[in-house]
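Could you have a look at this structure, given as C-alpha cells, before my questions?
Going by the order they are written in, the chains are A, B, C and D; count residues from 1 in each one.
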Amino acid sequence: MDLAELREEVCRVNRMLPVTRLVTMHSGNASGLDRERGRLVIKPSGVDYDALVPADLVEVDLETGEVIESRLRPSVDLPHHLYLYRNMPEVGGVIHTHSNYATAFAAVGKPVPLCLTAIADQFGAEIPCVPYVDNIGDHIGEAILQYRNRSPAVLLGSHGTFAWGESATDALKAAVMTEDVAKTVLLAMQLGQPADIPPDEAEKWYDRYHNRYGQ
Amino acid sequence: MDLAELREEVCRVNRMLPVTRLVTMHSGNASGLDRERGRLVIKPSGVDYDALVPADLVEVDLETGEVIESRLRPSVDLPHHLYLYRNMPEVGGVIHTHSNYATAFAAVGKPVPLCLTAIADQFGAEIPCVPYVDNIGDHIGEAILQYRNRSPAVLLGSHGTFAWGESATDALKAAVMTEDVAKTVLLAMQLGQPADIPPDEAEKWYDRYHNRYGQ
Amino acid sequence: MDLAELREEVCRVNRMLPVTRLVTMHSGNASGLDRERGRLVIKPSGVDYDALVPADLVEVDLETGEVIESRLRPSVDLPHHLYLYRNMPEVGGVIHTHSNYATAFAAVGKPVPLCLTAIADQFGAEIPCVPYVDNIGDHIGEAILQYRNRSPAVLLGSHGTFAWGESATDALKAAVMTEDVAKTVLLAMQLGQPADIPPDEAEKWYDRYHNRYGQ
Amino acid sequence: MDLAELREEVCRVNRMLPVTRLVTMHSGNASGLDRERGRLVIKPSGVDYDALVPADLVEVDLETGEVIESRLRPSVDLPHHLYLYRNMPEVGGVIHTHSNYATAFAAVGKPVPLCLTAIADQFGAEIPCVPYVDNIGDHIGEAILQYRNRSPAVLLGSHGTFAWGESATDALKAAVMTEDVAKTVLLAMQLGQPADIPPDEAEKWYDRYHNRYGQ
C-alpha cells in the first residue's frame, strides 16, 4: 500500500465515523500509519466529515511528529495517536471518539465487563477504563499503555474511547464494536447484573473468532 | 422455488440485517433451506452485508453438513443452523443476531415476558432464555431445542438470539419483532413492573394473528 | 376532497408510519374518513408499507362496516377505527401503533403525565391509559371513549396507542408527538420525578398552540 | 454577508434540525441576525422543514420586532429570539428545540453537569436549567439571561433548550452538542454517579478547544 492508498483508506474511515454514529459534529478522528515509510495520515482539526477528501488529510512524520507540508492543521489529538504508534509496534490504525454508550461507562470510570460472547469474540477481555487524565503532553498515551489489556480499545475516564488495529479499517471495527457492546451491557444493567463469562469460556470464543472466523 | 430463488431470498434477508439494525459490523447471519433438495444456503463468514450477492452464499448439504463447491467459507455458526433444520421439520429459515435489546435480556439470563399483545400476536408465549452454553459441537442447538416453546425465537444466555420461520423471510420478521418487543419491555421495566397477559387472553391475540390477520 | 385524494393522503400517512419509526414490520395502521360520503379507507392487513399504493387501500362503508369491492382484506383493527369514527363526529383520521416508548407506558398501565410544555401544546392534558381490554367486538373502542380526555391520543394497557385528528395527516402528527413526548418523559423519569404542569399554566400553552401557532 | 446569504444559512440550519434529530414534527426553530442592518430572519410558524426555502423565512426588524412584508407568520417563539439578540450583543444565531435527552433534564429541573471533557470543550461549564416560566412577554428571555453562564445553551424547566452562537451555524453546533452530551450523561447516570471535572481541569479543555482547535 502506498501513501495515496493510505490516504484513501483513512479518509473513508473518517467519513464512516458519523455514518456509524460514533461521532457527533466533529468529536472524533481516525489515523492510519505507513510504518515502513514512517508516516501517518490523520484527520484535520474541526472539519466536516462528509466533505473530507484524501488530500485534506494531514501527513505527519512518525519520528519527529512534524507535519509534512499541509494546508490544514492536524487533529489536536495528534500527540496521542503518535504516542500509540510509537509504543505499540503492531498497530497501524487509531481512532478516538466520544461515542455515547462507551463514554457513559467512561463518565463513571467503569470498564465494560466481559459478560457477552461478542466481547469475548472481539476483545478477549473487559474493555478497561483509564482514570481521568488531562490533555497535556503524553498523559493520555501513557495512561492507555499502562491500563490496556489485550483488548484493542480502552475507555478514558470522563472523556471517551481510543481503539486501534492493524489498519484504520480494523480500528474502525474495534471502535464500532466498543460502542455496540457498551450499549448492550448498559441496557442489560437496567434489567439486572450481567454475569461475567469465565476466562476459560471466553477463550473458546476468542479462539474461534481469531482463528477460524472470516475468509 | 429453485435454489437460485432461495439464494436471492437469503441474500436479501442477510442484507436486511443491518438495515433493520439487528446486526453491527458482521455480528449475525441468515440461512434458508430447500428441504426437498436437502440443501441450505448461508451467509459466508465475516463479510460485509451490503456487498453480498446471491452467488456469495455458501450452499451446504443438510444431511452431511458438507459445503458444495464454494469460493467462500460459511458462517462459523453453520453447525447451529444445521442442527435446527435437522430437528425442526417445519423450519425453512434461521437467523442469528446479537441485537442490542434482546441481547440485554440474554446478558442477565431473563426471558422477554408475555406482557404485550404484540408478543401474544407473534410469539404466543414468552421468549425463553437458554442458560449460557459454549460454541462446541451441538451445545447451542441442543439447548435451543430443550428450552424452546411455541415462540419462533429464543435468547441464548450471555450471547444473543436465534429466530426461525417457514422461510428466511419469516425468520427475519421473527428476529425483528424479537428486538422490537425486547426494546418496549426493557423500557417498560424502567417505569414499573409490566403485568403478564394471562394465557386465555394471549390466546385471543395469537388466534387472531395466525388465523385472521394478513392476506 | 374526493375519495381519490383521500386514498392518496391515507396511503402517504401509512407509508410515513415506518419512516417516523412508529411501526416495526406491520404493526400499525392508518385510516381516513370522507364523512360526507360515509366512506373510510384503511390499510390492508399485513402488507408492507413501502410498496403500498393508493389503490391498495380498502374502502369501507361507515354505516354498515362492509368492504366496498376490494382485492385485499382490511386491517384486523377495522372495527376499532369504525367505532371511533361513529362516536367521535369531529374525527377524520385514526392511527393505531405499537410505538416503543408510548407502549412502554401502556405496558405498565400508566398515563404520560402532563409534565412538558410540548404535552400542553399538543394534547392539553395527560395522555390517558386505558386498562387492558381484549380484541373482541367493540371493547377497544368503548374503552377509548370512556377514558379519553381532550388529548387526541390514548394508550391501551399492555397494547399500544390510538391517535386521531381532523384528518389522517393530523392523526399522524398526534401519533408522532405521542411517541416523542413518551420518550422524553420516560428518559426524565430515569433522572428524577418530573413535576406536572399546573392546569392554569398548561392552558397558556394549549391556547397559544391552538389559536396563534401555525399559518 | 448580505440578507440573501443570511436567508440561505438560516434556511439550511432549520432544515438540519430534523436531520440532526433535534426536532420532531415542527417542535423547534432557528434564526440568524444581521446586526449591522438590524434585521433577523426566522422560521415561519408550524411549517415543514424539508420543504423550507430561503424565501419562506420571515424577516423581522430587531429594534421594533415588526415583520417586514412576509406571506408567512413567524415562529411564535419570535419574542424570545428578539430578547436574546437585544441582550446578548455577541450573538448572531439562536435555536430553540425540545430535543429528547436535553428536555429530559429540563423536565426534572436539573442542569447537565460538567462531567465530560466534551462539555468542558464546548460549554466550559454545566449547562444550566432555568426554573419553569410561562410563554408570556419576555419571561423566557429574562430567565435565560438571569441563569446563563458562559455555556452557549440553557435548559428551560419542563420545556426544552435554547442555544446560540456567533451565527446560526454555530448555534446549531451548540444545540447538537447539548443533546449529545445530555444523552451521554443521562446514560452514565444509569451506571453510577459521574464525577464532575474540577474547574482547573475543565479550563485545560476549554482553552484547547477555543484557542488551538479547528482551522
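The criterion applied here is as follows: a residue touches a chain if its C-beta (ideal position, glycine included) is under 8 Å from a C-beta of that chain, and two chains touch if they have at least 3 such contacts.
Note that the structure is a prediction, hence the values are computed from the model and not measured.
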item	value
Any chain in contact with chain C as well as chain D	none
Chain copies touching (chain A, chain D) - same or different residues, decided at half shared	different
Centroid comparison with chain B (C-alpha atoms), farthest chain	D
Centre distance in Å when chain A and chain C are each reduced to the mean of their C-alpha atoms	44
Distance between chain centroids, defined by C-alpha means - chain B, chain C (Å)	31
For chain C, residues that touch 2 or more chains besides their own	190
Pairwise chain contacts, counting only pairs that touch as defined	A-B, A-D, B-C, C-D
Chain D to chain A touching residues, read off their complex	115-118, 173, 176-177, 180, 183-185, 187-188, 190-195, 197, 201, 204-205, 208, 212-215
Chain D-touching residues of chain A, taken from the complex the two chains share	24-25, 27, 44-47, 72-73, 76, 98, 100-101, 103-105, 107-110, 132, 134-136, 158-160, 186, 189-190
